[in-house]
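Just so it is clear, A, B, C, D, E, F, G, H, I and J label the chains in written order, and each chain counts residues from 1 on its own.
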Amino acid sequence: MEFLVDVEITWPPDGDPAKRQRLVEEEGRRARELAEAGHLVRIWRVPGRWANVGLWWAADATELHTALTSLPLHPWMDVTVRPLAQHPSDPGTGP
Amino acid sequence: MEFLVDVEITWPPDGDPAKRQRLVEEEGRRARELAEAGHLVRIWRVPGRWANVGLWWAADATELHTALTSLPLHPWMDVTVRPLAQHPSDPGTGP
Amino acid sequence: MEFLVDVEITWPPDGDPAKRQRLVEEEGRRARELAEAGHLVRIWRVPGRWANVGLWWAADATELHTALTSLPLHPWMDVTVRPLAQHPSDPGTGP
Amino acid sequence: MEFLVDVEITWPPDGDPAKRQRLVEEEGRRARELAEAGHLVRIWRVPGRWANVGLWWAADATELHTALTSLPLHPWMDVTVRPLAQHPSDPGTGP
Amino acid sequence: MEFLVDVEITWPPDGDPAKRQRLVEEEGRRARELAEAGHLVRIWRVPGRWANVGLWWAADATELHTALTSLPLHPWMDVTVRPLAQHPSDPGTGP
Amino acid sequence: MEFLVDVEITWPPDGDPAKRQRLVEEEGRRARELAEAGHLVRIWRVPGRWANVGLWWAADATELHTALTSLPLHPWMDVTVRPLAQHPSDPGTGP
Amino acid sequence: MEFLVDVEITWPPDGDPAKRQRLVEEEGRRARELAEAGHLVRIWRVPGRWANVGLWWAADATELHTALTSLPLHPWMDVTVRPLAQHPSDPGTGP
Amino acid sequence: MEFLVDVEITWPPDGDPAKRQRLVEEEGRRARELAEAGHLVRIWRVPGRWANVGLWWAADATELHTALTSLPLHPWMDVTVRPLAQHPSDPGTGP
Amino acid sequence: MEFLVDVEITWPPDGDPAKRQRLVEEEGRRARELAEAGHLVRIWRVPGRWANVGLWWAADATELHTALTSLPLHPWMDVTVRPLAQHPSDPGTGP
Amino acid sequence: MEFLVDVEITWPPDGDPAKRQRLVEEEGRRARELAEAGHLVRIWRVPGRWANVGLWWAADATELHTALTSLPLHPWMDVTVRPLAQHPSDPGTGP
């Protein structure tokens, strides 16, 4: 089942730059793992913000929760999940 | 450039069923054309509603406007467009 | 997978009372069928409103969409779906 | 009387992990007590967030307040309570 | 248990004045009955609007729903119910 | 003139418990004085929150402001005031 | 006591122009009477809208309600009232 | 003084197409006149909607109101006006 | 040109009382200067809050911005400005 | 393609004035560079706030994101981007 997930990062402006850099790199590695596992299907930046919108796949909301909370930046995330149903006009079965 | 587009259909509950059926069929045909033209990339139903969220591609907002207003149900649509920027962790170049 | 579903009915105050009565009865019958099929798990009235909040079960959002749109009053409904994930402190596996 | 209760936890991202761990364990124990006392009927995680939605039972809003404020994480909670009325199509008297 | 109830009347500006007058009178009679039955405790007009906020008493949300939907103007009402818990500084047991 | 006043307390979760305890006691004393002076007519807890909704009486908004800002917890309060007008169906002249 | 009152007119675009013209003239006459009675102190147009914001004076919310509902366009109005308290830096006792 | 003006057109989906066509043409002519008079400086379509956002110039809000209400489609418009102040980094004195 | 300006002060509850007292006094002095200069026409307290709503006059939004940012408490202010247009029923040319 | 960008600066009231001064100067320099590069077309202050609204040009949302995040104050910015489509009544091709 696919989900549309909005993520806002609420990192403090005066946060430690080194910690931020390390977390961003770990985030990238974890995102690649989740993509290889088929959970993270597509992801886009929201222009102008430290935020993204992503297309995710999971068996259900419980598996999606496990995937999202495994991200190193999750404690700084404000996450909104929307469930998606199939549409008869969808051009592609996969993304 | 990709856009995330939310569409709500505001068809009146007591609207003419035959007209609705005809418009839905025309909408499906036009959606296929827009998919073949590369504009409609993915589309999902919002569960429980006559609404959808779609991933669209257009050169810019003007071309996207032309595509969206070519849909037969457009006069009954409430449309919200969000511009999408590339994310370094995006698994796929195409959807 | 469980979903929390909010439903508002937007029946016009001057709507045909006989049609309303017939639709409410059909709605009750269809709700019983959906309960027997395991889709409608619990349902409550929102006090003071023609509205309800329900606990639903479906394999995914597509199956839930099919169940919700099979309700006779669906054309008059404003539906909001929230996906639910398992919580380690949940007292009951089934409701 | 049943209530639908939304809870958001506003734990600071840089909060003490040991304190968090201890509070989560105490929260789990208190939740079990409230479940055994018949107050906490069902609880689900909101996917992607440190948040939950729960089905609670209490004689009235005063007893519910006592139950909710007895949770160890309550000082970090943003709580929204919705009263629930019986619906004639409710499949189960108990959850 | 006490409830705080906000009511907005959505009567159309070009509605039948005679029907409106008749409904307002019936509403007044029913309100008196609900006051005598102990359900309607206090009621105020929201200045400038056809709207009111009321303090209601009912055993639970189900009984409150029955009281509110017994009002002749209920089909034209937008009702919001807030449950109230006892406060240790409340000056009066009754209103 | 009566007013409906919503109050949210925004006390930090890690605030000094002794200071909180002292302020709550002073708040209770001041609330009793305001009740005896006829300003605080009724007050209820919002279930699950450190918040209340109150029925207040004051000659005008200026006198109400003086009463509300005299509360020891006022610096931590988010206050919303709604003016109330008399309703012909109000059961009681006093609360 | 002074009040700040926002008024939106919801006249239908295809409403009868003659009726509209007549109501606007009656509204102007009634506004002058309310100004002479000291109720309407100042009034401004919200640019681009059929809407206004006004500074009103009334003994209390009940008198204000009587003044506002005496306006011929009141059935088409969406009215929001904010109570105003005296400010020590206010340059003028009257407007 | 410059203003940023958001305009939504609320034309009914089943409105008369001939009337719509005529109004759109008159709107275009009036827009050109307002541009020549220096009031309409820039205007963009909101993609996917019958809506626009425009940069307007007027001596004050009163003159802007006169300009906006002179548009033939104004009765179908929902208009929001934001006042703009000069910014020291603005690249151009005129647009 | 007149403007309606809403101001909320976001002073921290545990802020330095001496600094607060000093700022409030400087604010009062600056408000008097702005009143004498004809910029601050009327100002009211929002009851129960550290907030005010004011009627301001300035040649345009740029001059208004200069006046508002000259207030000593401005760094703690959340300011919302609404432009006002003349209304034919306005009782007074000046306030 | 043009974009309308709202920016709010969330600088803490007790932030270091020297750091603020330095950032504002760097911001001005970077804004001039972005204007010379054709990205920043127009910019206005939102009166009363440390906020601006700007007209930006970029090939797509990705290029816009790069431009916006290059601003020295970006870590303190809350940015909202709206895509703009061409309007047939637009008076100017360039701003």
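We adopt the following convention: a contact is a pair of C-beta atoms (placed from the backbone, for glycine too) under 8 Å apart; a residue touches a chain by one contact, two chains touch by 3 or more.
The shown structure was predicted, so the numbers you read here are calculated from the model rather than taken from an experiment.
Farthest chain from chain B (centres taken as the mean of C-alpha atoms): F.
By residue number, the contact pairs of C-E overlap by more than half with those of exactly one pair in A-B, C-D or B-H, and this pair is B-H. The distance from the centre of chain D to the centre of chain G, with each centre set as the mean of the Cα atoms, comes to 46 Å. Averaged C-alpha coordinates give centres for chain F and chain I that are 27 Å from one another. Rounded to a whole number, the gap between the C-alpha centres of chain A and chain H is 39 angstrom. Residues of chain F found to touch two or more other chains are 3, 45-47, 61-62, 64-65, 81, 83-86.
Shown here, the protein chains touch in an arrangement that is not a line, ring, star or fully connected set. The set of touching chain pairs reads A-B, A-C, A-D, A-J, B-C, B-H, B-J, C-D, C-E, D-E, D-F, E-F, E-G, F-G, F-I, G-H, G-I, H-I, H-J, I-J, using the touch definition from the header. Remark: chain D residues 2, 4, 27-28, 31-32, 35, 40-47, 52-53, 55, 82-92, 95 touch chain C in the complex. On chain F, the positions that touch chain D within their shared complex are 11, 13, 45-49. Of all the residues in chain C, the ones that touch chain A in their complex are 1, 3, 60-62, 64-65, 81, 83-86.
Contact residues on chain D toward chain F in their complex (touch as defined above): 3, 5, 10, 61-62, 64-65, 68-69, 75-81.
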